[in-house]
Amino acid sequence: MNSLSILASAAANSEGFEGLSGALLLMAIGMFTVFIVLLLVIYVGKCLILFVNKFVPEEVKEAPKTASFASVQAVDAVTADIIAKAVNTLTGGKGKVESIKKI
Amino acid sequence: MNSLSILASAAANSEGFEGLSGALLLMAIGMFTVFIVLLLVIYVGKCLILFVNKFVPEEVKEAPKTASFASVQAVDAVTADIIAKAVNTLTGGKGKVESIKKI
Amino acid sequence: MNSLSILASAAANSEGFEGLSGALLLMAIGMFTVFIVLLLVIYVGKCLILFVNKFVPEEVKEAPKTASFASVQAVDAVTADIIAKAVNTLTGGKGKVESIKKI
Amino acid sequence: MDILENIYGMTAIGKLIADPSYIVMIALGFVLLYLGIKKQFEPLLLVPIAFGVLLANFPGGGLGVIAADGEGCVEYLKNGVMVRQNIYEDMTIPEIAHDLGIMNMLYYALIKSGLLPPIIFMGVGALTDFGPMLRNLKLAIFGAGAQFGIFAVLIVASQCGFDMKEAGSLAIIGGADGPTAIFTTLKLAPHMLGPIAIAAYSYMALVPVIIPLVVKLTCSKEELSINMKEQDKLYPNKTEFKNMQALKILFPIVVTTIVAIIVPDAVSLIGMLMFGNLIKEIGNSTSRLFQTASNGIMNTATIFLGLCVGATMTVDAFLNLKTIGIVAGGFCAFGLSIFGGICLAKVYNLFAKKKINPLIGATGLSAVPMASRVANDIALKYDPKNHVLNYCMSSNVAGVIGSAVAAGILISFLG
Amino acid sequence: MDILENIYGMTAIGKLIADPSYIVMIALGFVLLYLGIKKQFEPLLLVPIAFGVLLANFPGGGLGVIAADGEGCVEYLKNGVMVRQNIYEDMTIPEIAHDLGIMNMLYYALIKSGLLPPIIFMGVGALTDFGPMLRNLKLAIFGAGAQFGIFAVLIVASQCGFDMKEAGSLAIIGGADGPTAIFTTLKLAPHMLGPIAIAAYSYMALVPVIIPLVVKLTCSKEELSINMKEQDKLYPNKTEFKNMQALKILFPIVVTTIVAIIVPDAVSLIGMLMFGNLIKEIGNSTSRLFQTASNGIMNTATIFLGLCVGATMTVDAFLNLKTIGIVAGGFCAFGLSIFGGICLAKVYNLFAKKKINPLIGATGLSAVPMASRVANDIALKYDPKNHVLNYCMSSNVAGVIGSAVAAGILISFLG
Amino acid sequence: MDILENIYGMTAIGKLIADPSYIVMIALGFVLLYLGIKKQFEPLLLVPIAFGVLLANFPGGGLGVIAADGEGCVEYLKNGVMVRQNIYEDMTIPEIAHDLGIMNMLYYALIKSGLLPPIIFMGVGALTDFGPMLRNLKLAIFGAGAQFGIFAVLIVASQCGFDMKEAGSLAIIGGADGPTAIFTTLKLAPHMLGPIAIAAYSYMALVPVIIPLVVKLTCSKEELSINMKEQDKLYPNKTEFKNMQALKILFPIVVTTIVAIIVPDAVSLIGMLMFGNLIKEIGNSTSRLFQTASNGIMNTATIFLGLCVGATMTVDAFLNLKTIGIVAGGFCAFGLSIFGGICLAKVYNLFAKKKINPLIGATGLSAVPMASRVANDIALKYDPKNHVLNYCMSSNVAGVIGSAVAAGILISFLG
């Protein structure tokens, strides 16, 4: 929401996009731009892959990233597993962990 | 806080409830209304019980609700128990869990 | 940020601390005050130690304070230890806990 | 210019000597900290309030709340000129922060606007379980009887130098509910916010003293020995609950509707209370919202509410005769509310076969869940097998609804 | 003065009888609660929205959002006089709270200002994984094709009595993205916020119905049986990833830059989305921020966004013909977007050797991750070994970028 | 009208070509991201700041902070007309959001108001342990000596083209404390906020480089080998602690009182710091508040502070000669503060029997706890048995108080 740029061109806009022709023009602009942006994302993304492979090919050492969602859930799974096994062992197989929830 | 309704009747109010008689009137209105509301809560609540028993008699299947406070604490108790037992087993009874706190 | 006091003395201030002499004066005031404050903290702190030793010598009973950061981390360490041992026992020494993270 | 002179001018020492009432207020801050920390008087609110009192009363710190006068105006020095501005109509939030400091900004944006009490009520709702009330619905009526103190003290206070709005704010202390008392006072008499909030939370902390006192004065040993479980066996409750979860989901929606139709001015409080309860009872699918409402949001609101309420306790706002009236009147309102609940129970027992322990009337006060625990302890003293906790929780939770309704009525007719 | 008369005046009963359209809105609130709770229609947002509808429509509760008129003005009674004020220029936040209640305060400070949608997008970003998209970058193009519904419905709506701004707001429902739809509507046609938000979230909840419907109408059995893994074996992807973590850190920065340069008006949304993603992917050193952005902040924003959006649904704002247009137009936009994605996949298959399952086009819609799951289920029906989930996630996540870009274009040219 | 022409007009490409200084700022954003992510320069703040720089400098994105001029006014186009408004007195929060975008709204409501730095300090306090300081109270005096750089650079800067307010803001970088530096700059010279905040956090991240440098230049091997534990054995400390918990609860209250009386303008910072510490030390009964203050509130404040501070770094605010002065002056302030602490330790050693390792003087700087860790590493190099960490923590934590006091003095005399 950039008031300055919008407002500067407001006079033009409010007239330019009225009626069917305006809507059609907007469709053309819109679909074209959306494609341009995603094509750029794709091709710049590919360049990025090449760049990373060439210049930073190895994983950073401080690897165990907590924040990464996947690994967090992996840890959770491990923890759940441990607790489940502990319960099993300790209760002689009678106890069972129904669900473990993190608040 | 509905300014519109309050303000519309403001002239009336500010005079209507001055002095001892005003305070007594307000007491009558207040206690009466409080009783009305809670009686409605009780009787509509009873209708609700009948309604639920008749039309939704069974528990929803997605039963294990995390959010339910009670169950959360139950899980905690279970977990605490497990950890306590694990410590006991692993430390040969020498270690003891003083308290387990969730941050 | 007390606008009243600041603004009341604004006229004086804006003139009083211009130029090299003003900056030097401010340095004198500043370093002097910083020392005064920290000396007060030190000596009042010492009085406080004496006061506490004399009048509230014993630890409050509701001792296991969760909030205390140190104890929280201690609990974490204990928990980590337990889980590590449990994993070790249960996996016959094959499994290893790489890292345990609290989300 | 002398260094020491400059330093002395900067410090608050001169102002403390010139007006020692600041020192009285600072001492009050220490006393409240002592009560909150050592005596465990509702520490979650009393510690922030006490610290707010402290921060507000160091002269020159600029952290005291400047109360708007009757016309909503504040006066202060700006660029050396005394200006008078309507704080609601003329001053934007950044301007309040710039000219009057962040505590006034927080106060006018979050507290005086009436925002935080309903938000805290959302958290309270998320931590409330209506199960015991649903299992003993009939007992909810004592949540109405125990609002007696509110209206009784309203009458007395209005005859003792308080105007009707002030009397209403004072009286709501008898509702034994912090957010409700603060919300009502903000609408009716914001200049009394500090003392009323502190009185309300202090008396709530003193429930283990006040309830036994009133009970001892009004109840016989026989009455206190009425065993609710035995009564249940004698006159069994035929209600069965086939789907408690559905019931708990529907209940907050229904109560919101009832209260909103009868007392529209209570809907900010009751609506948010019930919304908090609803997102808890729905379970998994809204548990993210429940977690945040009952933790992050509620704790944040509590910190800022406490600090700001404390910061309203400036010399002018506290050191006057009305404060004594608030302390005394609040105590009476509290005691009379308990008395009202007990009386209703006694009247009920006159007519009903199935008797009710008057302690269940006393807990209609609210102050959840401490009142219920205290009542249970008293009951156990008279009969070690008499566990009344679950019965008390019904009237106790109903008392929260009752006092919010009473608040709505006061705001509606006096606001 | 009579007690009962006073009580009746206080209650909302008189107003409900005088104008029964309130009851229609309250019933709508119940229906939305039913959809959110029982039918699990996006409960995280629909439950707060529904409760907001409820709270807003109890007459006298003062919790409905008062929409500013075309000049930004609101009219209301103040001290018995009808006043007309520009709510942006003349009314401070505390004044809005004081005169119009806390719901209007929250609405004008948090929602109408455009603050909460980008903040929710920050949380969405923190919960999004761009990994599947990076592994199948080419498929991201279907996130562009599936914006077709937006612009198609824009044309139709602009010819059916909606002005261009309203048509744009209606059309953005076809983006299948809640915060994007709300953000766009706030900029273009805030008076239609309630119905548009509810339509958007309802249709997102109906993705398991709508996608199969459109797919059945447009795709042959052969197309739906295209097995992506087999295609991958036939025409192997030579890209290797030597450092996924570095890639995932660089990607949000690069996408922000591209979008910000091409469509500056989309940068509030995309920038915050990518910031949220960045603090997640950086890992340990910003995990504190990630945790809070994806939990506390996002949940708080969701609660208040939901309640306020619901509170805009007052009688005037909802009970008019345009609402029907929104419901119908929104559905068409949704369906046409899916259709657009599918068509693009079919056109692609005409020219390429390596075929693409048109379901991957359908998921360009966004509605992450439900659309992908639904598409995967459909694919498994036609070929039990055809796991398309990871391929769908690429176009699905790209659809979020695509609709934010479309929103930026609409705001830029119509705002 | 041509499609491509329209698209080109929408994009930022034309503006980037017309004024390439935007590109310089975008590149600066990338450099800061690199420092924060890869070089781990205080990532919790530098990543949001860097992203804020990025967002602010895409032309047309509307996410840059528009600085108010000396009279508090901003100029901008509104409905095609250039208007000039006082942003504090004339513009409400929703109006700022509407006319200038959400980043300006956040900046003026949360940052320029001075709200977030004290709130972050509350979180810092909740994460600070005064235990080591209480055990070695005497060492706290080095937290005073290490403020020397602030006032030394103040003198130099005031002679080099900065006015006194700007000189004070620049000098406070020598306090090595982010929130303190930001708070002071907001009060004295808000137009320099971006560069000062970035310099402060960058130098704090460079503590592992700067401290060894200054130490090497000023200390002999003998001095650095002074073993504190051996000194303790030679001259034992007779203080015993019978109730550390009570002490830790009383300490923040007492420090607040002392600071508030001597330097009232420091009470926003120190008061909130100590409040955060108090709710931590009280323990169980306020742990809910502690959790939220040190997590949710602090992280939320950090995110928005970072983004907004970054967003103040627009072309005008950064690309001028003063920025170079800030970078150079800030470094000098930093180094001279360390030097001041070391000198004080040397002077002390001239007179005292019980010698003090000058590293403990160096850590008076603050930059908790990194400075202490760095000092400990240096000490271990000279004597593998010389663990000075706990001694350093005393002067280190005292340095936080010291720089807040220095900030209060600057605000008091220059504000």
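Quick notes on this one:
A, B, C, D, E and F label the chains in the order they appear, each numbered from 1.
As a convention for this text, contacts are C-beta pairs under 8 Å (C-beta built on N, C-alpha and C of every residue); 3 or more make two chains touch, one makes a residue touch a chain.
Because the structure is a prediction, the values reported are computed rather than measured.
Counting steps between touching chains, the shortest path from subunit D to subunit F takes 1.
Counting C-beta pairs in contact across B-E and across B-D gives the higher total for B-D. Both subunit D and subunit E derive from one sequence, and where they touch, under half of the residue numbers involved are common to the two copies.
Taking the options B-D, A-F or C-F in turn, the interface that duplicates B-E in more than half of its contact pairs by residue number is A-F. Chain geometry summary: the mean Cα position of subunit C and that of subunit D are 32 Å apart. Look at where the CA atoms of subunit A average out and do the same for subunit E: the two points lie 16 Å apart.
Note on chain placement: the centre of subunit D and the centre of subunit E lie 39 Å apart, centres being C-alpha means. In subunit C, the residues that touch at least two other chains are 1-2, 5, 16, 29, 33, 36, 64, 66, 86, 103. Residue positions of subunit F touching 2 or more other chains: 6, 10, 60-62, 92-93, 98, 101-102, 114, 262-265, 268, 279, 282, 285-286, 291, 296, 409, 412-413. Residues 6, 10-13, 16, 26, 30, 33, 37, 40, 43-44, 47-48, 51, 54-55, 58-63, 91-95, 97-98, 101-102, 105-106, 295-296, 299-300, 302-303, 307 of subunit D are the ones that touch subunit F when the two sit in their complex.
Contacts from subunit B toward subunit D in the complex involve residues 1-2, 5-6, 13, 16-20, 22-24, 26-27, 29-31, 33-42, 44-46, 48-49, 51-53, 56-60, 62, 64-70.
If you check the complex, the residues on subunit B that touch subunit E are 1-5, 7-11, 16, 25, 28-29, 32-33, 36. Residues 114, 127, 129, 134, 137-138, 140-141, 143-144, 147-148, 150-152, 154-155, 158-159, 164, 167, 187, 239-243, 245-247, 250-251, 254-255, 258-259, 262-265, 268, 279-284, 286-287, 290-291, 398, 401-402, 405-406, 409-415 of subunit E are the ones that touch subunit A when the two sit in their complex. Residue ranges on subunit F touching subunit D, taken from their complex, read 87-93, 108-109, 112-115, 118, 122, 249, 253, 256-257, 260-265, 267-268, 271, 275, 278-279, 282, 285-286, 288-289, 291-293, 296-297, 409, 412-413.
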